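Structures are listed in the sections that come next.
In the two complexes that follow, subunit A is the common piece, with subunit B as its partner first and subunit C second.
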Partner chain A sequence: MAAVEQIGGRAAAPRAPFWTVTRLRVAAVLVIFALWEVAGASGLFYRGVIPSSALVAKAFAGLLGSADFWFHAGVTGFEVLVAFAIGGLAGAAFGLLLGVNRYTGAVLEPFLHYLAPTPKIVFLPILLILFGVGVGSKISLGAISCFFPMALSVAAGVRQVNPVFLRVSRTFNLTRAQTVRMVYVPALVPPLASGLRIGLGVAIVGCLMSEIKLSRMGLGFSAMEYYRVFDIPSMLAVLIFIFLCAALGNMAIDRFVRLPGPQDRVRRAR
Partner chain B sequence: MASATLTSLRKPPAIVTRFGALALFLLGWEAASRAGWISAFIVPPPSEIYNSFEMLFVQEGLVDAFLRTFGEAFAAAGLGSVIGIAVGYLLHRSKLAGLAYTDWVAAMASAPLVLLYPLFLVVFGRNSATIVAMGVVGCLPPIILKTKEGLDGVKPVLLNVGRTYGLTPWRQFRMIQFPAALPTIFNGVRIGLLFAIINVVGVEYLIVFGGLGQMISDLGDRFEIAAMFGGIVFVILVSVCFFFITEKIETWLLSSK
Partner chain C sequence: MTPALSIQNVAKTFSTAQGDVRALDHVSIDIRAGEFVSVIGPSGCGKSTLMNIVGGLVDDYEGEVHLDGALVRGCQKQIGVVFQEESTFPWRTAIDNVAFPMEAAGLPREARMARARELLELVGLNGFENRFPSELSGGMRQRIAIARTLAFQPRILLMDEPFAALDEQTRLLLGDKVLQIQQELNQTTLLITHNIAEAVQLSDRVLIMSFRPGRIKRVIDIDLPRPRSSKLMGGEKFGQYVAAIWEDLREEASKGLQDMERVRAGA
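Coming up: the complex of A and B.
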């Protein structure tokens, strides 16, 4: 180990920050917990608005043991995954088209930019009429939400490809497929990651918000039912579960985009 | 230059094609809706949507709703920018804090924070404060992340030049780091605006309170579908205004350097 430290210096470097980083994170969690408890006990808020973390933990444990909760979680999970798949694939394909063909991009991308910040929830009344109050309207809203960040990220990513690489690919007479595989795809990994991240987030929000507005099942419906009967600990427990799932989704995306891509092979070849 | 001229000879300017495509789309929509290929009840023809504007202005108080939504989203984005850029700078400045907390902010960016609105509702009451607070919550993560990304990405050679001139940390930030990171920071502010608008209108729609969100919810409930489409067009207008304003600010900031 000492030899490694002497040779590289870099191999040992992450070890020291790791423990400090962990300590910082633990400290932040403790501070947040303390602030939460103080706020709850201070009497500044209405009684029950900020329940003690022990009550929330108890409600969380209760939820995990309830078959009803897992049914709602399953419904929302299905909606989000299908919405993410449809919106993500369509967005990536459209973004690629806009990025690769500059003229099409110049013509159509402003529409995308102007539609992207539109709160998709306003389309819900139309989707409800088209697909009914079931999962169809939730999936379609989630997919529409996911489409825009994905398309914009991929289009921007394609345009940021180093023109020198493209000229080199022309010099080597690469086919279009080869250019996409060897130049565009490696350059697209970071924008794809950010597009997927934002896309997953807005797909979750789209599905859950439409559940809140009008639904008979799903976690959004479940959280609102707890809110209506002022069971704030259970409502918070549902929200914490949703946040944990979103965080797990993000970690999965990070793992996916950190897979060794062609750019790593190039680096190793050098 | 020659190839650009050739391209412009072959194809009309993008803006002409863009508005041509838009006109064609609207005409096709009008025809499909009138011919009954798509249900005129679910998707009314554009002419009917256009005619509903008078009702929106006169009966539904569209101008007030528009100003209210615009004001709330702008206030949220302004407040979010001040907090977000400061936090992003701190995460950049302290490498340890950056390592410890950046992933958390990224997780926040995709967490459905808008669902916390019932809590804010009880704390702030059913008023604009709740809506602005939800807007701020929505726009913070992208602004923080992009500020840090921008500052992290400043070329070392620029920083070395600053050091050579013996700049103080504040002048190093003001004269080198901030200008170099500005395009990325503004990109974050733009995404933040997008999130703020989405949250503001979303919460307005969900709690049926406030500007355009409430108006669209009311119209939808009353099955005034054409007027509801009109409301959606105005929401798009709010977004366009935001993009226009931030674009102007960005150009001004970059040109004044």
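Coming up: the complex of A and C.
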């Protein structure tokens, strides 16, 4: 996959750059590790703020073996997935509406553009009143966060569908349903994927933020708890776990939400 | 004999903020079954507008379009269009692009793939079935677009400057390809172009359009023996046709040019 990114998806991907890129990435990770260790050992920082990576690894292993941790992870995972599903679907539907209908687009899109960069945490008090302090308020904050990038990318995507594709399908007498399935859906895959990627990120942020602010469950809460008792290695282990999950989610989106293209042949040939 | 395609007194006016633009003015064309007719004219004289009307993509126009004597409106099963712009679907391979209209028509997979393979061979793209458009040259993509429209099995093929974006050599060779296809399928074809040599090389008749309002200014029958190829180009008779068409077109083209300069000067 790395090779494909490198040379813009051409079919005849030479092998050499692939290894160079992988090596550079491994090297970058190693350099960061080394700097971390040096910084921790240098004594320049307050004791315990930068624990050695061995300590963090030990805390990480400890977390993975604890039922308590998996409970919190399960809560957050559930919140994020539900928020992502609701926000993603609602965003995609709203984006379609804006893109397809010029008038709704003209009326509503400015609001969307102004609200999109607003930190969604400002909605938390309202959501607490509406949904209480349980998972409801956290899911709704995550969903609201996910909604905006999704709606904006889909609306832009619909508008950018090449008009000649629509004329082609008209001259071939496609029904409306066929045009949606055979032209709009594939043409919308790239904006959908980028909407999902950004949406997942902000859904995670939304859920964790509300857990940190007001909750007794979830990974945001447990990271704060470790911070309170100054168990920095465990706190970092939780953050690393969150990072890994987010990265996995992104990889899944890249893997499954994309169009067929020359890169498939490269992969098959390997 | 009733013509396969009859365009009768077609006219179109666009209303714009700068006022009305009379793009087409009472254009009438009759095309016999199996005939190859070219429409040639300066940029902006209404060629694409004419094709969009015949292709059923424009709703409000004056005049009538008849197929085998029957009045039609809107997109028809009998009319296939190759557009001026790049139009292959980037997410489909060459063969899946060609199979597109057959898929929409509900042809079973086996049958449409077999037919698409034949058509790719017809346009000289055998061996490229599984390539994506991004892996092919502009000329190859345009051939896919032509094969895709042929897969629709139109009785009448409309092509709007399908070779406009190509270099001269590719254009000539593709012209040969189109001639060969025309011969094999006896395809009734209306080609829109602004290339004089191309029009003479391919057509039974060339219609010269005037610059705004777009009218048919003159009709020239091309009395060159078939089968033809781009080798005709050196011939004396070929040269005479080209000269005759340019004679008529020159005046219109310079009107178009003046208009463009007026627009640029902001008048």
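Throughout what follows, the second predicted complex is superposed on the first by the 242 of 270 C-alpha atoms of A that agree within 3 Å, B and C clash if a C-alpha of one lies under 4 Å from a C-alpha of the other, contacts with A are read in each partner's own complex, and residues count from 1 in each chain.
Here is the rule we use: contacts are C-beta pairs under 8 Å (C-beta built on N, C-alpha and C of every residue); 3 or more make two chains touch, one makes a residue touch a chain.
None of these values were measured; they are calculated from a predicted model.
Once the two complexes are laid over each other on the shared chain, residue contacts for A:214 go to neither subunit B nor subunit C. Contact with subunit C, but none with subunit B, is seen for A:178 once the two complexes are overlaid on the shared chain. Within the superposed three-chain model, A:93 lies out of touch with both subunit B and subunit C [touch as defined at top].
In the overlay built on the shared chain, the residue A:227 is in contact with subunit B alone; subunit C does not reach it. By the document's definition of touching, neither partner reaches A:38: not subunit B, not subunit C. With both complexes superposed, B is the one of subunit B and subunit C in contact with more subunit A residues.
Contact with neither subunit B nor subunit C is seen for A:252 once the two complexes are overlaid on the shared chain. Once the two complexes are laid over each other on the shared chain, residue contacts for A:61 go to neither subunit B nor subunit C. With both structures placed on the common chain, the touch criterion links A:30 to neither subunit B nor subunit C.
Of the two partner chains, subunit C is the only one that A:167 touches; subunit B does not reach it. Applying the stated touch rule to the two superposed structures, the subunit B and subunit C interfaces on subunit A have no residue in common.
For subunit C in complex with subunit A, the residues that touch the partner chain are 55-57, 75, 77, 79-81, 83, 85-87, 89-93, 100-101, 103-105, 130-132, 134-135, 152. Within the complex formed with subunit B, the subunit A residues making contact are 17, 20-21, 24-25, 28, 45-46, 49, 103, 106-108, 110-111, 113-126, 129-130, 197-198, 200-202, 204-205, 208-209, 212-213, 220, 223-224, 227, 232, 235-236, 239, 242-243, 246-247, 249-250.
By the touch rule above, subunit A contacts subunit C in their complex via residues 9-11, 164-165, 167-174, 178, 182-183, 186-187, 189, 259-262, 265. Residues 7, 11, 14, 17-18, 21-22, 42-43, 95-97, 99-101, 104, 106-107, 109-112, 114-116, 118-119, 122-123, 191, 193-194, 197-202, 205-206, 212-213, 216-217, 220, 225, 228, 231-232, 235-236, 239-240, 242-243 of subunit B are the ones that touch subunit A when the two sit in their complex.
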